[in-house]
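Following are the structures in question.
In what comes next, subunit A is part of two complexes: it sits with subunit B in the first one and with subunit C in the second one.
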Partner chain A sequence: MSRKQVKGEYIETDTGNKVARKAILIGTQHIMLGGKTVIQAEAMIRGDLARTAQVPSSSGAAPGSNTAVAIGRYCFLSKGCCLRPPGRIYKGSFTYLPLRLGDHVFIGEGTVVQAATVGSHVHIGQKVVVGEFAIIKDYVRVLDGSVIPANMVIPSFSIVAGQPARIVGEVPEGGHEAFELRELYKSVGNNPQPLPV
Partner chain B sequence: MSSSNKRQSVLPRMPAGPKAPVNFSSSITIADSALLAGKHTINIGSESVVHPRARLDSALGRITIGRRCVVHERTSLGAAPASAPASDPTILNTQGGVTIGDYATLEVGAVVEAGGTVVGEGCVVGIGCRIGSGAKLGKHCTLTPLSEIQPGEEVPDFTVVYSNGTRRLDRRGITELKHKAQARQIEVLKRLIPSNPTKFQ
Partner chain C sequence: MASFTPYTYIQCPCHDTTTTTTTTSQSRPAEDAPSPTSPHSSDDDDDDHNFDPRAPRSNYSLYPLEYLLWCDVCHQIRCPRCVAEELVTIYCPNCLFEVASSSLKTEGNRCTRSCFQCPICIGPLAVQSLESAPEPSLLSADNANTATTPAGPWILSCSYCNWNSSEIGVKFDKPQGIFAQLQKLRHGEDSHSKHAVGGDTSPTKTDSVAATMKARFSAMRSFYSAQNAIANPSSGLGDYGFSSPGALSRIMSIYSGNNAGSHKQKSKGTMTREADSASEGFRALDLDDSSAVSQLRRDGWDSTVIGDQAKSQVEEGARFAEELWPIPYLLRTKRSKRCPVCRHIISKPESKVANTRFRMRLVANTTIPSISIKPFNPPPALLKPLQPVQYLLTFRNPLFDEVKVTLATPATTPGRFASRVTVLCPQFQMDPSTESGMYLVDDALKDDNKDIQGRRRRGTEGGTHQAEAGKIWERGHNWVTIVVEVVPASLSLEAPPALLRKEGEPEPDLSPLKEDEDVLEIPMFVRLEWEGDVSHDQMSTSTGKEKDAREKKELAYWCTIGIGRISQE
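Entry: the complex of A and B
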């Protein structure tokens, strides 16, 4: 490889995160990446909207505990998506609360996620809006163009679609392997490998 | 490799061309990476908040934002109209900008086209909504995410647009509460978003 190629499209970290140079990460001190996460260009993460209300913590505020966005392993944030922590009035004052993503979460292009929690092995399609404080459990498939209303709780193995989103089906038995994102992770980056057919 | 030292490149480039004339109240919060462009005046009323990467373009007319508004990231105010309706192509020629009433909230990725468009007091424009050129939203309307308002349309006060264009009236009567909540939210945002109004002046 020639030396001129050092400046790739992605920044690859030691923990295997691939972050596009054109990704917009705001408030990086409040963003936690679990590793092996891909963040494509124009994806936006609002880490600056961190919790402001003081929580009575028994463990004594550990450094870095004020995470606004926590992302697990093998997550894939497509182009133009936006993750922002949900906010509400809590005990009389407005505060943002953390947004947590599990492992193997795929987020499609142009999707805006303001959920409280997204479980593991979740596929969220393109142009989806996940409303504030929605809770998505494991193995959920959200179809393109859905609008998940605020505070909705989506049980495991559901397929949801519509505006507002409703549960339209169940993930078939044995269908959970389609949620694996390891291969997709390898297919992007500065020296991408082709997807196995 | 010291790629971690190159955080500067994350910041957006300065928008091309001369700065838009602005008229800011002294108490606003505007993020450094908001994008302001155009040749007409951009007015922002007291205690309003403009998130990073919001785009205010006054090329087609003046932009006026009221008091205590929240303009979220990636919203586009004063965008060029997407298309003129076949019935009335003159709408495209209407000069005029965008007027946003007090206590309005424009959520992520909402687009308000230029051309005398009005968003009334206390409206909530949901994520990814598009408000056509010259449309007039009454007071305290709510547009749920991905709703569209056609160019030139007039939406009465307290309308809720949901589920692909279905409409109903909001009879909850919680306007005062919403205003209070908005004020609280702005207080917090003021602390969270580093404001830099001088950059645009």
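Entry: the complex of A and C
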């Protein structure tokens, strides 16, 4: 049994995360996974870029709360994507700030995310660049090849495309279920199940 | 040739002019629309005409399934084009602050907080202190050695294209209230101070901008309403203005002419004069383009604006890059949707900006089966003309009831290039959907077993993987796959021999291939029949006639299935 698990492409954790052995996770003590998240091969998470400046706010109270990347449930990080916390000069010194992903966030192949916040039910396509401190709200679809400028705010139910990205449409009422990633989660791993028709 | 993804578009019943005319009246005849009370009406009407997805009008009624809404009361599909929308919330897409509709009337449809878009690339602009700005180009010799504490003049800068507002000479004294400061800089008295950099090169701007569009419009409006009042004091137009419906109907009666005799002659009132001074909003067009020409000669094309930039400006008329101003964000709305016929709300979002839930969301994909298309064999890049291809259509039932599906397609697709279409199994039943969204694990297992059995059965019975007429290809717990055979038409444009042409037949259309004419689209008529709970839907507005527990329901609609492109050989 254990022998077989070693051979599997993914490491499956107790909380249901499926992390590819070839995924590049740096600074794992600063990475939080909510569970049931898929991290495919060559996906990179830069947990080492944690906050360096001392922040006097309440977040400093709990030990180990210096999270660089927080990921919710049912997220899907495709091959070759990169999650990188954004950084800026804060009170005279340079510091990185945490990158937060909600639930059901899909990140396409070769995409670089440097957002401050990505909400829940967000689909980010292939080869997208999400600039530093961008805020993506819930139910947003970012089409392939978009470049989201730094500091951009994308409101809920937007379809975004272009370089620089602009809002090109609205997610229709009937399209909310398409953001669910439960089935996609089941379809990868060491014993994947086929996607329903 | 780009890759082609198969698609299904469904036609909203609003395409039909007979039903759209009745949408205005509250009580339309029961025969017009297929409703639960009149189950056998609509297909009789629809039988005699085929639907052409290529007709110019079809574009306006075909929608992907997820765009369609569903009216529970009318029992009919509603599309984004035919629903009536109502504003629920108005908010700025950048700062996500809600804007009251009253302030919308006074302040306009743009964000009056500090939300701006770059006039060059439309990226978001951020307020930055000029002193501590990291760009070395901005740091001139005298302020480079100042402290890093953010102070002094502020600018708006774009992190995407590195444009900043100092390029048009706009600097702010404080980082708050940018909108008001910018408004003052642009339209206020100190408008001449802003062009320290621009120098003497843009006289058209500094002179003419003082009289803004808004100011000119209000001056002109007050002038002409005064003139109107002088011209015909009795007509009441001066009192109400053109916005009042009474005045409008009066105007309409003047122009319609059918009761011109009854009205007294109004046209020969006193002559009104036109605005002719600046105080009345009049502005002579500056025909002297020499300064613009000299600027163009000096700075070249790079200094001019492109069409998109000029269009996204708040005020029109920008010709040079230095006439581009930061664009305040256009506000965005959350809207609720009403059925055009029965006026019931079919979609209503929560009014708070941050809340993404819906109070009501009746969408068509909870009723209508979704249709997905897969090629039977590994897909060729292009369809070979005159070579039969088979496609698998999978229908997935979202309802909790068993649904009987009847399909119909014309034997040949409409249009110049008629491909032949055969649905091998035009009638089948779909099992009910058990759980919406997530179904149970053992259910899934059962489903898998069934699939395997089904595959085996097919393997032993048929011997070969051949689609059989009248048989379902594959079946799952709430889905059914059938086979459609298509013989793509040849796209060659050769006139048929003159001998074969009959007298009086129109000249064949031999014009070159039009856009997307090589896409093979199948019009398909789908009819669903099921026995449903009357009151299991979310909306419990059922009246007395729908008290029965079970009820026979029927729905019929056209859809178009895009299969692929035919190769041009």
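Operating definition for what follows: the second predicted complex is superposed on the first by the 187 of 197 C-alpha atoms of A that agree within 3 Å, B and C clash if a C-alpha of one lies under 4 Å from a C-alpha of the other, contacts with A are read in each partner's own complex, and residues count from 1 in each chain.
What we mean here is this: a contact is a pair of C-beta atoms (placed from the backbone, for glycine too) under 8 Å apart; a residue touches a chain by one contact, two chains touch by 3 or more.
Everything quoted here is computed from the prediction, not taken from an experiment.
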Quiz item: Which partner does A:Val129 reach: the first (subunit B), the second (subunit C), both, or neither?
Solution: first
Exercise. Look at A:Cys82 in the shared chain and tell me whether it touches subunit B only, subunit C only, both, or neither; answer first, second, both or neither.
Key: first
Quiz item: Can A:Asp48 be said to touch subunit B (first), subunit C (second), both, or neither?
Solution: first
Quiz item: Can A:Tyr139 be said to touch subunit B (first), subunit C (second), both, or neither?
Solution: second
Quiz item: Can A:Pro172 be said to touch subunit B (first), subunit C (second), both, or neither?
Solution: second
Quiz item: Once the shared chain is lined up, is A:Pro155 touching subunit B (first), subunit C (second), both, or neither of them?
Solution: second
Quiz item: For A:Gly35, is the partner it touches subunit B (first), subunit C (second), both, or none of the two (neither)?
Solution: neither
Quiz item: Now for A:Pro164: first (subunit B), second (subunit C), both, or neither, which partner does it touch?
Solution: both
Practice problem: Please identify the positions on subunit A that touch both subunit B and subunit C, taking each partner from its own complex. | Solution: 131, 147, 164
Quiz item: Within the complex, which stretch of subunit A touches subunit B?
Solution: 6, 11, 21, 24-26, 44, 46, 48-50, 52, 82, 84, 87, 89, 93-96, 110, 112, 127, 129, 131, 145, 147, 163-164
Quiz item: Which residues of subunit C touch subunit A in the complex?
Solution: 64-69, 80, 91, 93-96, 121-124, 126, 148, 158-161, 332, 337, 347, 353-354, 356, 358, 361, 363-365, 372, 394, 396, 437-438, 444, 476, 479, 481
Exercise. Over in the complex, which subunit B residues touch subunit A? Could you list them?
Key: 1, 3, 9-10, 33, 52-53, 73-74, 108-109, 126-128, 144-146, 162-164, 181, 184-185, 187-188, 191-193
Quiz prompt | Touch list for subunit A against partner subunit C, complex | solution = 92, 121, 131-132, 137-139, 147, 149-158, 164, 166-167, 172-178, 180, 182, 193, 196-197
